[in-house]
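Dropping the structures in below, format is structure tokens.
Okay, so subunit A shows up in both of these, paired with subunit B first and subunit C after.
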Partner chain A sequence: METGFARIWQEFRGNRLAQFGALFVTVLVVTVVFASEIAPHDPTKFHLPERNQPPVFLEGGDWVFPLGTDAHGRDVLSRIIYGARTSLGTAAAGVTIAVIVGVTLGLIAGYFGGVLDTLIMRFVDILLSIPLILLALLVIAVLGPKIINIILVMGAAGWIWHARIVRGNVLRIREEQFVLAAVNVGTSHFGIMRRHLLPNLLAPVLVTATMQIGFMVILESGLSFFGITGSSLSWGWDISAGRKYLGTAWWIASFPGFAIFFTVLSFNMIGDFLRDAIDPHSRHTPVG
Partner chain B sequence: MGRYLAHRILHSFVVIWGAATLVFLILHLSPGDPAVNLVGENATQEQFELVRRSLGLDLPLHERYFNYLTDLAAGDLGTSWFVGQPTVDMLLERLPDTIELTLVAALIGIPLAIGLGIVSAVFRRSGLDYMANIVALFGLSTPNFWLGVMLILLFAVELRWLPSMGRGPVFHEAIAAIFSGQIKPLADWASHIVLPAVTLGTFLMALVTRLTRTDILENLGRPYVKVARAKGASNWGVIYHHVLPNSLISVVTVIGLEVGSLLGGAVVTETVFAWPGMGRLLVESIQRRDYPVIQAGVLLTSFVFVFVNILIDLIYVYLDPRIRLK
Partner chain C sequence: MSTSSSKLGRGITRRNFVRTTGAIGASAIASNFLPGARSASAAEKEFDLFRVAMWSGMPNLDPDQNAIRTCLITQNWIFDPLVWRDKDSNELKPYLAEEYSFIGKNTWRFRIREGVKFHNGKPLTANSVKFSMERRMSEKMASPHRKTFLDIAEINVVNQYTVDFVCKNPFPMLPAYFPIFAIMEEGYYSENAKEHLALNPLGSGPFRLTEFKPDDILRVERNDDYWGMVPPIKKIEAPVVLEDATRVASLLAGDLHISPRPTIEDFPRINASGNAKVDVKIGNRIVLSAFNYAMEPFNNKKVRQALNYAVNQEEINEIYLKGSGEIMASALPSTVPGHHPGLKPYPYDPAMAKSLLKEAGFPNGFKTRIEVVPPWMVAGNEVTEALINYLREVGVQAEMQVYDAGTMGGRITSRKAGPMYMLSWGGNSTFDADSYLQALFGQGAWSCNDMPEIDELVAQGRATAVHEERVGIYQKACEIIHDEAPWVFLHLQPNTYGVSLDHDWKARPDEMIPLWYVNKTA
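Then we have the complex of A and B:
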């Protein structure tokens, strides 16, 4: 991190994939905020005479419904635009909770060690042994199909990503001169964590969080695919609904999937870029 | 080695006990009474109370937990509330199908990934490397349920090459048929499993491709590679005899950690392809709140995860003689 932000920007200007990712995410965020202005139709409105209408580039399609309509004549494009709200909003909220919980517990585990560390890491092991989708299905079945419950599951299970990364980094930083010096001059535990550890954890957590958003978008879509998120305005729900019409109207299940794919791809590309730009070791891999 | 194993097994028990407790708490601390699902909306108060008592739901939480643990210790995983069958029988009946699907997915994905990773690292910055990177990035970004639906669309609906759901004959029967001169059962088996296995294996394939590439590149810069080169080893000789054994260690670690997501992926894949495995049973049980089946299922999943990871520790010793487990 020689010159920090300036160097990262320099790297960014030379990285096409990261630029594509950033552009797509920007477009997506704008879409989420201005969904009602951008969407050509009400995503829940039935246009029964136009049901299962093909997209514009196929015979029978027109610009009124650019990506076609579903079995009830709802506009596929408008549903994708509104679906971005559900998927991205849920994922972002879930990751925020996961980061807060994970960083806190990771800091405690790495800094204090001992019994606390053992307890927290055992809990990580336990959560690691249960597939996330299974845990989520379980909690939703019991607590009810509401978006808030999905966000809670994401936070309650996703923190282990950050806790492991943070703990590892804290174990390393803890032994460095500037931390030892701070301890010697009598800085409080909290002061050391806030002023000396946290700033150094920002970069690795940013990378993990970026990657996790993509992962959680897939989880949210997966749960919607099972039809248990409480919202039918979601990419996964539309894919599930479109399965019945694969033979007659393939676009219903296909386009929302591309939306998920490009969203996750973008976050992955940004995450890759950040990881390489922030951690010079992984970038300058020696070659024979 | 013996002490290490004992320690690992103890740790595994803690993890499995923790997973069981976690699921127990989620189920029993949640609002709503599962007995409602059993007796139906129109049952009288007496019927409702009767069901609650017979299931032990009227007991206080700590007594329920104690009963659950003592049953567990005695090897009793409970009886399904809806089917009335022991949960162990239900799960073990479905488990082989899930293991079969997961294994085929891994056997398609992992060798392909290691191959791609090697080629990608050796021909770094070439067109091949670029392509392998794109394949890996795409694989990591594709949700498996959608991939499954798209594969059905292409190979079952449009091309009509493969069946879209269900399973063919059991594998060992298909193999037995070969010896009696029939190839068709095996072809039938393969045609049913290929789409779900590809759906399930893609994520793992992408992950392992990336990992293999990074790890090989890292190893290629190490002194031992220079020594091997100086001694006149060929390019592929260095990779095959020196670098690959080292890289496989980190690959194997990641595969162990991904067993969980593979089993989670099986839940989704089995639903998409109507594959009669454990994942589908669990989804059905969760939907009708059949607590004993859910508890036993999560326990079994956690057990498989822990068991595979112990196995992987043992593989380490084989792969890297420097590692002495203690």
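Then we have the complex of A and C:
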């Protein structure tokens, strides 16, 4: 992997899907950061005379509300821009926790093995068998509908993705010559993990984390669709509120839906690309 | 078939009529009947299957295990009440009871129709009525209707078909509560377990149970031995369809004959469809946003009044209900005697709201929470969001919290809801002030406020049988409620339905959907 970044860049230049994903995510991140500068309107401001106004490309639409307005005359575009903060922010925060917990526990399980490994991995098996949406509903029912609780659920349930990947890789890497050498010269466990194992785990974790963001965006949207995330400014909520207008004002629910679709698609395409680029063999592995 | 109003011909059953046609043939009532019931042409005008969607869950069909509107509607197909509201005049009319009257000494006497049979073949008598009310009042049953009837001291069976309700006071609104009082068969309802009865209702009504899957679908079929007019509908299906858009789509696709509570934005689409139309009737269901007095800062009257000045009721009605509602100044809607026409709704005055908040010690507003079950009201989501928007304009930051009906009901009846919560109330179809004031204030089952003065007035209202006196008492209550502002007063919402064009059912003020008198018109 000496020429890692150069080679990945080379691959990236030839991969249209990955380019699209990266472009979309970049735009998304910029809008999340500069939402207040970019959004044409206050997303919570009512414009009652213009309620349910169609988007600009339909009859009755205008550039004041490019994607139309909802049942209160709120600007759909501005709501999508601010909604990205909730949806993407929650997902990113949840994945961060998941990565930290997952990598730590995966390292411990893989490196030390034995009882610790058994304990951690059986716990992973148990968590794997609980539907995530059910777990989320349970936590919300007990702790209350707050964004912080959603993030905690994502972290508490999402770490198993990373733990499994990390453990598998650690099992492999720890038998490599350079690790055995480090052990022989008396490097501490912590030192081995930090200096020899972690850098080699970066790539696989990056792949799972990228994929997981898309997954968590869908989870957040699902929960906010039910109105139980404590935020009424998110994509899922707008779909939920707009769904009864599908026959009369389809844009209220549809545009946030497109936002979710393209966001998840983009993260998945980037994840796919990274997996292929980082591990060139996987691509050529025959299926089945 | 032109017997559509035959059930108005109280005092005779179909069979009795056929037997005695000659004797009473000249009476005006009897002229509504067409003897020879079901001719060949009538059979063509029958519905093999009639489908009515329910907009909210139907968990239980034991009349004493729920007080949910969708259940009240469907139970009424299976059970007969003593009295009933006329479909045209909305007046209280005898039904199972052939006649009823207040005979003095705090006693109401009901004379029951003879020859009525339950679906299991057992006869319906005065004893059935006594059993049903005792069940409703029993502590063990814990019926949600129990509190309402605690002023009944004893129930006496005078003879096989006459029953007396002896009350602790004149209880003048007792009959008004009876359209949703289901008469049950003593043997069946005392022998079976609660769990069985919840799923297997058995009454004497125009339809009998075929299949009931809670919160999913109810199927009933015609009771061919019915004492009254045998309905032109052979079978009814009532699926629970929670999605507003789906109910409208099903109606337009011809899958539903009655589709309650369509989205108001869909009205033009339904009317233009060519196979359905919208039917709207102002009724008894009020919409409000209540304060929990036990939670800061709503123990402060100035805060409660301020929020009423902050909200533009008129605009909510105009925008989200397309003007189909009626804005309210106090607890009672204009359709209920005791309504106070002299009270004017709080005007929309944000400046006044801000100055009241300042006086109350909240110059910069405060944070609070509004709990809501959106399907409980027309445009529930939109109305709540609009309310929050008005509050924000005077500095009150309210966060919206969506609950399901079961949880929310429990939060209110255990007085934990709030600090603010949205509620709609149909007064159990009584059109009597007692059903609003008794339940929603003071010690009432659905109250989170602290208004002993209203409890007192409710007791006074039950203590007099003089209508004018009662109206005076309730108007006084309305004045107090207007001033104390235990709610943000909103509006009286209309009962709205999308109906297919092949029958003649019409929206009713009492929110019920009785179907025995529906005729096929196309």
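Please note the rule applied: the second predicted complex is superposed on the first by the 282 of 288 C-alpha atoms of A that agree within 3 Å, B and C clash if a C-alpha of one lies under 4 Å from a C-alpha of the other, contacts with A are read in each partner's own complex, and residues count from 1 in each chain.
Going forward, a contact is a pair of C-beta atoms (placed from the backbone, for glycine too) under 8 Å apart; a residue touches a chain by one contact, two chains touch by 3 or more.
These numbers were taken from a predicted model, which means no experiment stands behind them.
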Subunit B versus subunit C as contact partner of A:245, first or second or both or neither: second
Which superposed partner A:71 touches (first subunit B, second subunit C, both, neither): second
Touched partner set for A:138, first subunit B, second subunit C, both or neither: first
Subunit B versus subunit C as contact partner of A:47, first or second or both or neither: neither
Which of subunit B and subunit C A:125 touches, first, second, both or neither: first
Of subunit B and subunit C, the chain that contacts the larger number of subunit A residues: B
Touched partner set for A:174, first subunit B, second subunit C, both or neither: neither
Which of subunit B and subunit C A:261 touches, first, second, both or neither: first
First, second, both or neither for A:226, with subunit B first and subunit C second: both
Overlap of subunit C and subunit B interfaces on subunit A (superposed complexes): 226, 243, 246-247
In the complex with subunit A, residue positions of subunit B that touch it: 11, 14-16, 18-19, 22-23, 26-27, 30-32, 124, 137-138, 140-143, 145-146, 149-150, 152-153, 157, 214, 217-218, 220-221, 225, 229, 238, 257, 260-261, 263-265, 267-268, 271, 282-283, 286-287, 289, 294, 297-298, 301-302, 305-306
Subunit C partner contacts - residues on subunit A that touch it in the complex: 44, 46, 48, 51-52, 71-72, 145, 226-228, 230, 232, 241, 243-249
Subunit A-facing residues of subunit C, complex: 243-245, 248-249, 263, 265-266, 269, 315, 319-320, 381-382, 385-386, 389, 392, 399-402
Parts of subunit A lying in touch with subunit B, wherever the complex brings them together: 122-123, 125-134, 137-139, 141-143, 214, 218, 221-222, 225-226, 236, 239-240, 242-243, 246-247, 250, 253-254, 256-257, 260-262, 264-265, 268-269, 272, 282, 285-288
